[in-house]
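So the structure is just underneath, and the comments pick up after that.
The letters A, B, C, D, E, F, G and H name the chains in turn, as written, and every chain counts its residues from 1.
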Amino acid sequence: MNRQMMKGNEAIAEAAVQAGCRFFFGYPITPQNEIPEYMSRRLVEVGGQFVQAESEVAAINMVYGAAGTGARSMTSSSSPGISLKQEGISYIAGAELPCVIVNIVRGGPGLGSIQPAQSDYYQATRGGGHGDYRMPVYAPASVQEAVELTQRAFDVADKYRTPVMILGDGIIGQMMEPVTMPEYTAPAFDRSWAATGWKEGCGRERAVINSLYIQPDVLEKHVNKLARKYAAISENETMVEELYMDDAEYAVVAYGTTARIALTAVRRAREDGVKVGLIRPVTVWPFPEKAIEDAAGRVKGMLAVEMSLGQMIDDVRLAARDRCPVRFYGRTGGIVPGVREIHAAIHAMKEEL
Amino acid sequence: MNRQMMKGNEAIAEAAVQAGCRFFFGYPITPQNEIPEYMSRRLVEVGGQFVQAESEVAAINMVYGAAGTGARSMTSSSSPGISLKQEGISYIAGAELPCVIVNIVRGGPGLGSIQPAQSDYYQATRGGGHGDYRMPVYAPASVQEAVELTQRAFDVADKYRTPVMILGDGIIGQMMEPVTMPEYTAPAFDRSWAATGWKEGCGRERAVINSLYIQPDVLEKHVNKLARKYAAISENETMVEELYMDDAEYAVVAYGTTARIALTAVRRAREDGVKVGLIRPVTVWPFPEKAIEDAAGRVKGMLAVEMSLGQMIDDVRLAARDRCPVRFYGRTGGIVPGVREIHAAIHAMKEEL
Amino acid sequence: MAAPAIYGRPKFLTDAPFHYCPGCTHGIVHRLIAEVLGEKFEQDEVIGVAPVGCAVFAYNYFNCDMFEAAHGRAPAVATGIKRAQPDKIVFTYQGDGDLASIGMAETVHAAARGENITIIFINNGIYGMTGGQMAPTTLIGEKTSTSPFGRTAAANGNPIHVSEMLATLNGPSLIARVSVHDVKNVLNAKKLIAKAFQNQADGKGFSLIEVLSTCPTNWGKSPLEALQFVSERMIPEYPLGTLKEV
Amino acid sequence: MAAPAIYGRPKFLTDAPFHYCPGCTHGIVHRLIAEVLGEKFEQDEVIGVAPVGCAVFAYNYFNCDMFEAAHGRAPAVATGIKRAQPDKIVFTYQGDGDLASIGMAETVHAAARGENITIIFINNGIYGMTGGQMAPTTLIGEKTSTSPFGRTAAANGNPIHVSEMLATLNGPSLIARVSVHDVKNVLNAKKLIAKAFQNQADGKGFSLIEVLSTCPTNWGKSPLEALQFVSERMIPEYPLGTLKEV
Amino acid sequence: MNLQMIFAGFGGQGVLLMGQLIAYAGMLSGKEVSWMPAYGPEMRGGSANCSVVVSDEPVGSPKVEDADVVVAMNKPSMAAFEKSVVPGGLLIYNSSLIDDKPKRADIRAVPVPVSEISSELGSPKVANMVMLGAVAKLTGAFSAEELVDALRHKLGSAKEGMMQMNREAIDRGMAVAEG
Amino acid sequence: MNLQMIFAGFGGQGVLLMGQLIAYAGMLSGKEVSWMPAYGPEMRGGSANCSVVVSDEPVGSPKVEDADVVVAMNKPSMAAFEKSVVPGGLLIYNSSLIDDKPKRADIRAVPVPVSEISSELGSPKVANMVMLGAVAKLTGAFSAEELVDALRHKLGSAKEGMMQMNREAIDRGMAVAEG
Amino acid sequence: MGKIEFDADQCKGCGLCVAACPRKLIQLSAHINKKGYNAAYCTDIDKCTACAMCYQMCPDCVIRVERGTGA
Amino acid sequence: MGKIEFDADQCKGCGLCVAACPRKLIQLSAHINKKGYNAAYCTDIDKCTACAMCYQMCPDCVIRVERGTGA
């Protein structure tokens, strides 16, 4: 396939379409508007359906409906809109429906700003909705990766019958980079659970797409089933990239856009002779605990870098298990940390530890 | 004041009224209906206003309006309804408005069940909404404590200009226990920030209740100001109860309803000769890190007990810093763990560690 | 010689006994829907959406593929289903709290989109499921657990006439209000429910049938008193009839 | 000898220059509101609520205490304010995406409650702020960034006539639609805005003035062409006039 | 003392009130008490039950799993809660409505025909008061006075007129349980 | 090579397209590239700018802070971005619209009267193409052919008719920058 | 002539059928059924015209009516 | 007679006033202002009737009109 320059948002949308996503329900919000806009054109071409929902709440519930029929479905939004989807996401997790949710994060809290941020990490990884559920969360660091992870997200969603999130930020959404669309063929999935019209004796059970289990013991069984699913996802789907870690005495941990900036800073620090590497969680849930734990046993210190007050650092510390000190560098409010700043933070860590 | 039997939900409502709360905006949901129902009668008596909002989304935004005028305001709901409030809570935190939000948690995810649960811990303590914000969260373990913490919640909300959550569960809401209403006098707070009608030269700035800071550097300043506030709250407002911890070789960590059941189990284990104590976070955010960290240095093991798959355990582990192993016992879906089960889990911990 | 007429549990209902309170007319409406579906469609042609409200367990009763939607969001869920399964007959069954309070935006927008679905709207003027709180359709003067002094327009706002409101929109093909408080009205209700489903089958777009229904339990009335309340108090406020037909 | 008439920036506007695009009539409506407020009320008698939409920064312009509400929730925010400060004049200023899409439930319910507030509703048939997506009021045939082939009822749903819809409710004291595409209409718009605020001062309850407004930027028109579009295309679909007055 | 009790019956039989009165009586006599209703949609119109704990020390779980005393006012309740009685514990049941015999041998099961007695008293509604008297007697934990006090506390002076009948019912319950 | 560039100007001046064409050209010549627009409401109708990185290795931050090259198409842009040029870096500005002189002495500032030139060419719209030619020449990073290729790639064959004019504009830009 | 049957175990004793029967043939039993309700029954099946008005009003699908052909 | 003033720095050159003036007295300047717009100005102040129609249409409150009393 040939390489072309694409905007992150449009690339995500096109990747979804090529992965067989035919149903998109969304509501405008900066900085992700190109996704619904692209879908409003593209889905008509491929015989799908685009609905500009009346709100984010309606959009996520439309996804619930379409996903419940087994169709590959998607919604996208940015921080405040994702907050509005929390009840719906909890329902989708509870009803075990596959779908993909894109959050192109902007500065918060509240209306905040519209510039890039990573301050929805807790919400994405800990379940901003109610109840015991988790959701695989992919954090692409380039447009090409956004394409690949979007397609993977649909597969993982189908494989485990779970909502999956693509966690980007204004940079991932707005930037253009060269992209090669992968040749994608969807694996076969059992969709006999889906509500597509049933009649007595048609060979499957009557489908009830539902998250209500009024008897606590029945709900507990269901929750334990979900827990086993989450354990399987942690086991099978964790993704992490490690760079310059072989001989590293220090590690920077960062994801998404921040990771690529951190990478430049790491390279610069290497030029200065600091043996520092980068651990980049590609899935932020499941978090690459093992990679961090192993590294924590080898390095003198870790530096979590985030576009937030420090949220992923909880996971880094939980995984590092106090085997090495963990330091933090972050910017907030839509400020993207610069290479210089991170480079300085690496040196500061080296001085201290 | 005389002692009387009160339902937890009604006691919370009455405590709020006695703390000067005159504005309540809510929407029915089990198991917290007695709060709006009580308010619909009681606020009329005291000249306040009760509005049954069209939804939880509307309710939290009505709170935003009333709280922005400096008036003590409140809303309550249960898990799915609290999920719907996440955008609003993020706005309230961003705009620095004082208010009290009650979550009488039920089993999730999705529609789940209506029985007691603690599976909204992440949501409450990590910000289910978007952006970098925190919110003090009080977890009462008795009706009397629910009363006291509700009144404290209003004070803390005013002191720091922050939303505050009361995190209960179906048991706290539905049970009756003897209550003595405290003599409450509200401290004086500076409310010159509030929007109550302004004119040129009236001695204060024009009030703009807002969470939008379109310039990232301005938003970052604002977020850093919030961060300092959260640090001050952590410093000043952390509450924890420790029982039988003086000579403890093991510690159970539990909050809310679970803690009182755990306490009976701890006593039973003490009768069996196991030196076990109980650490009960009264504030789950700020989390009593120091108490846990100190104890972790002294005990052979800790057991986190929750009505969830294990959420608070993250905070226990973060605080314990690997100084002792942390085990978990939990029930979900609305099942309340019994004394026997927890007692057995204590023994199991003792055998293992 | 004509075949014998048989009136019995329609096939479009499962065997599960209704959990509704004695005399609650939710059950009558369920039966009517099931009869209509059975008369018009094959089992696998229909997908239903249950609300959050007393009818939350409707998925146990309608003998076809079913969804349980979040409170108020059934029209959005139905939209998702219909878009993905355009050849199926998709319906929602919703109470007045569900449809007219929390779900107001979803209701209005599904109607304005002319979404080709059928909504059966149970107006019993109360939140049955949660124990008798005020609904958007609660009559002026009625005491509920959140309008303990009796609803007044000043303190509690005005009852919403959903059908009249939706009838102003382009998009709906049929908006009608019926009642099930006596046999004549039950039979008429069935006719309009049938028309609503037929409209969907004919691709005419959105239809909504508002059914005045009882809640003996939370009204504090016997089942018979409740029927009387519908005819004497509710119908004057919510007149029966077809409000829009295209 | 009459005092000289002075037309200038009203006192109820701050000195901050509007951020609106050249020729955008948001600015005209701001001025009208400010004039009315200044003529009727003291500065400290008024509290306003800005929406999320192009008017998100309205709090920088109206020279009184202001709130910035979450997208669509201004009527709920205003309800909270009005309940806590019943003696203040409380108004919201909202766009069509804000008021008629995401905020539909809040709009209808504030109206049905007869909440004693005033809503100025800017219908420009587009999402201005986010770059030109379809609004609930976008005309059939119009191309927007999310109706790239031109809006059709079948693909994109029907335009919502908010004022007609709200006029069916008990609760509102005044619902009217005005335009600001020429001087005559500007003057008439001011009259109705004044009446809406007067109604609130008189305790008559909810009032909403829908103002047909332009978005030259996202309509892809010059400011003058945009005015023409209002008079030639929007008014036929959204006729001007008072739809309800009590 | 640490008395763990479950009261169960039909919705209309006043089981929640029974539990509350026991809790009130406990509170008035200086004990730690808790009352916890089962709640849920399946409770509506149908069955009802509550847990009561009366104890010398602060109450742990208000939800009783292992009951010292189970009071069953109807058949489904006995079926549901017989198993919750601790060995050696007490099961008091409304023999007017429950014709089955309890199955367990390791507990003390006491039939009291409370519906019949209350009908005899001319007020079927006071069946729960009769049962309350029986509970007081059989547990030895409360006096008739304490229960009447609790009742007065709960219902307020408005219902003073009904006190006489209630008192009578409690007394009859105590007497029957004794016999 | 690691070329960090900022293009800035009024909304209508085609600065975003300029950046994209440079990125395209980079991509076509096998480099790693990124293009990142500034976005936000204040961008609407007003100013516009974008960052472009063309590099031999994968691009780190796509948002350029320290620019090797700043292209300023109008006055406010020069005011805003002059400080972003690295010492020794290049500031190319549209001297037709910018009468001020750059303040810094540690950079190479090149005025190009692109608006005038494009007007001379009879098509004020191609000012950005003139500038592009100048940028190519001054950085030495791209040939006119590469830019035209990029343009063809970006606009597709539909706009083939405009190629001639664009090519001319690019050539003029190169020539002027050379002179 | 017709045939009418009550699924007495499912009856909730609401009495809507009692009121609906134009011939006043339905009563509630003095005994309570499994569910605890006084179930409805037809007092005189021979008088039943199988008009099914009781059926139309029963919220719980308790009643089954078969109308013969008169043959 | 009246007086009309334009706050030229705030003008966005939208031209609404130009179209609104019944006497066609307003034009857009050839020069651009601080904001980059061609500001409006009154070509002949003496002909201005101070009718304020330009004022009514200006979205940016750029225009100030004073109507004298004719005294």
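Of note:
What we mean here is this: a residue touches a chain if its C-beta (ideal position, glycine included) is under 8 Å from a C-beta of that chain, and two chains touch if they have at least 3 such contacts.
Remember, it's a predicted structure, so these values are computed and weren't measured experimentally.
Chains that count as touching both subunit C and subunit H, per the definition above, are D. Between subunit C and subunit F, the least number of touch steps comes to 2. Fewest steps needed to get from subunit F to subunit G, stepping only to touching chains, is 3.
Separating the CA-averaged centres of subunit G and subunit H is a span of 84 Å.
Between subunit A and subunit F the centroid-to-centroid distance comes to 34 Å (mean Cα coordinates, whole Å). One simple way to say how far apart two chains are is to compare their mean CA positions; for subunit A and subunit D this gives 38 Å.
For subunit F, residues that reach two or more other chains under the stated contact definition are 40-42. The multi-chain contact residues of subunit B, meaning those touching 2 or more other chains, are 30, 54-55, 57, 80, 87, 91, 95, 110-111, 114-115, 210-212, 214. By the touch criterion stated above, subunit B contacts subunit C in their complex at residues 27-30, 33, 36-37, 40-41, 44, 50, 52, 54-56, 80, 110-111. Residues of subunit B that touch subunit A in their complex: 57, 79-84, 86-87, 90-95, 105, 107-115, 117, 119-120, 122-123, 126-133, 210-224, 226-227, 308-309, 311, 314, 317-318, 321-323, 331-335. Here subunit H touches subunit D in the complex through residues 10, 12-16, 19-20, 37, 50, 52-53, 55-61, 63-69, 71, going by the rule given at the top. Per the touch definition, subunit F reaches subunit A in the complex via residues 20, 23-24, 27, 32-37, 39-41, 58-63, 65-66, 153-154. Taken together, the subunit A residues at the contact with subunit F in this complex read 3-5, 30-31, 114-115, 142, 170-171, 174-178, 257, 260-261, 263-265, 267, 336, 338-340.
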